[in-house]
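We call the chains A, B, C and D, going by the order they appear; numbering starts again at 1 in every chain.
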Amino acid sequence: MSDSPASSVSIVPGRTRFVTEMTVRPDDIDMHQHVHASRYFDYLLAARYDQMARCYGMPMEAFLERGLGWFTRTSHFEYKRPLRLGERFTVTTWIEEFHRDGVRVRFEMHRADPRKLACQGWCDFTLVELDTGRARAIPQDIARIYAV
Amino acid sequence: MSDSPASSVSIVPGRTRFVTEMTVRPDDIDMHQHVHASRYFDYLLAARYDQMARCYGMPMEAFLERGLGWFTRTSHFEYKRPLRLGERFTVTTWIEEFHRDGVRVRFEMHRADPRKLACQGWCDFTLVELDTGRARAIPQDIARIYAV
Amino acid sequence: MSDSPASSVSIVPGRTRFVTEMTVRPDDIDMHQHVHASRYFDYLLAARYDQMARCYGMPMEAFLERGLGWFTRTSHFEYKRPLRLGERFTVTTWIEEFHRDGVRVRFEMHRADPRKLACQGWCDFTLVELDTGRARAIPQDIARIYAV
Amino acid sequence: MSDSPASSVSIVPGRTRFVTEMTVRPDDIDMHQHVHASRYFDYLLAARYDQMARCYGMPMEAFLERGLGWFTRTSHFEYKRPLRLGERFTVTTWIEEFHRDGVRVRFEMHRADPRKLACQGWCDFTLVELDTGRARAIPQDIARIYAV
């Protein structure tokens, strides 16, 4: 009922899955002709930024205007099948858990054709105040937007 | 008439312009909140790879299967207006000149909305045999594909 | 005694820690003026390549000449304090576990001055035959080199 | 004598050459086992940042504190010999010309051993006020620092 930090913990994520389509760029390819392992994180971030604007209705720019940013606290990637030059793929993400000052985002990336799991994992992102760099409790209006 | 290297010089580029639409990824952004200067080359390359497959009908993979690759000999970029986080843009490229063992590709990149010139320039690409790393004359069948 | 795969499991890692010094490059910096999260993986890889040549005495090139490569199976990164523009830092790595066809590498990255933990975690790397892309048991001579 | 913009034009660069040693990182390598073309720009920038702090005595951070930044206006790269995995190389740079609101930096990159020219070219950098993004005349004190 109240807008206290305690109540923000009670928000339950709906775990709705959002999907972004992307294409491998030539500069993503490493010496083994596969997408370089670190670029999967970049794909996840690109998908989240797309989905923040398109699916949640609150683009990254809206966070920046409020002096807020998302810092990565932990990343966990399991590589299943490499993506290759020019390949189409999808990045599916959903919020699995709300923490007091952040969210756990789970994801799967699939080769588009034929559809095969390329990579899966999760990241913990912390909401920070950009001027201090400190974590802060997720405001209720943002928690509601994310509770889909 | 003959398939001699001399005749390959007589190919005149049609200078048809091809356009690829792209989106700025978060990992392209630098500390000034703009696309990092070196990423414009990556955008050019991504657009050329897309256009090789979609517009010329000979994807990069077809070059690799013939043991051929394109190496960059010279790059020249003029930065006009920075691209920003999440921005949509277009990369327009065309072959301006045929050299005996390569092509000069000219390009323009425009912010999508409103349409404004972000970057322009050219690159000389040399056709090489991948097993030796040596430049070679462009085969007639490839020159014909590129003479649009 | 024998060179069977079963015996390769008995190798116990010595967990000797190796240290590589590095410097943040400007292109590593993201829009928050910090090193972009995915670049920490690139730092880990650069440190391992340096240590393979300098500390283990078997550079990556020696693996490639034997038709072998290391693919990343899992990466796990915990971000503690951001690295910044031009900062000196160290990457400490050690082999924590031997698996039949790979190793778990644990790492810590520290800001150089004052020394503070910036990032820690682990990666599972699998040894693969490059022509087939398949995982293979670690040969005894390589296991011995890595058992320091 | 006066501090007018007109007088700033009269500054003549000393064209002193500064050298930075670097090492190729694994994430710089592309599908042809060479350093990816766009990374040479990143190397140039890393060398300039190093030299600003170490050779000119005015690190990039000092520009940022004065609300100033350097934007790339034009880049011109001629690729001679590819750098490869783990290779040591040097980046030599010098100021070739002063413009009213910027400098032309010329550079050469050499493989360390044996010493061979890998890449050469130049970049025009413009001094900008970060809050407006506008170019501005180089202040006399900075011009003097750069007139070595």
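A few comments on the model shown:
To be clear about the criterion, contacts are C-beta pairs under 8 Å (C-beta built on N, C-alpha and C of every residue); 3 or more make two chains touch, one makes a residue touch a chain.
Keep in mind it's a predicted model, so treat the numbers as computed, not measured.
Among the other chains, the CA centroid farthest from that of subunit B is the one of C. Across B-D and B-C, the chain pair carrying more C-beta contacts is B-D. Once the centre of each chain is set as its mean CA position, subunit B and subunit C turn out to be 35 Å apart.
Separating the CA-averaged centres of subunit B and subunit D is a span of 26 Å. Along subunit A, residues 26-27, 38-39, 42, 45, 85 each make contact with two or more other chains. Arrangement of the chains shown, judged by which pairs touch: all-to-all, with no pair of chains left without contact.
Within the complex formed with subunit C, the residues of subunit D that make contact are 23, 25-27, 39, 42, 45-46, 49-50, 53, 59-61, 85-86. Listed in rising order, the residues of subunit C touching subunit A in the complex are 32, 37-39, 41-42, 45, 69, 71-79, 82, 130.
Residues of subunit A touching subunit D in their complex: 26-27, 29-31, 33, 36, 38, 85.
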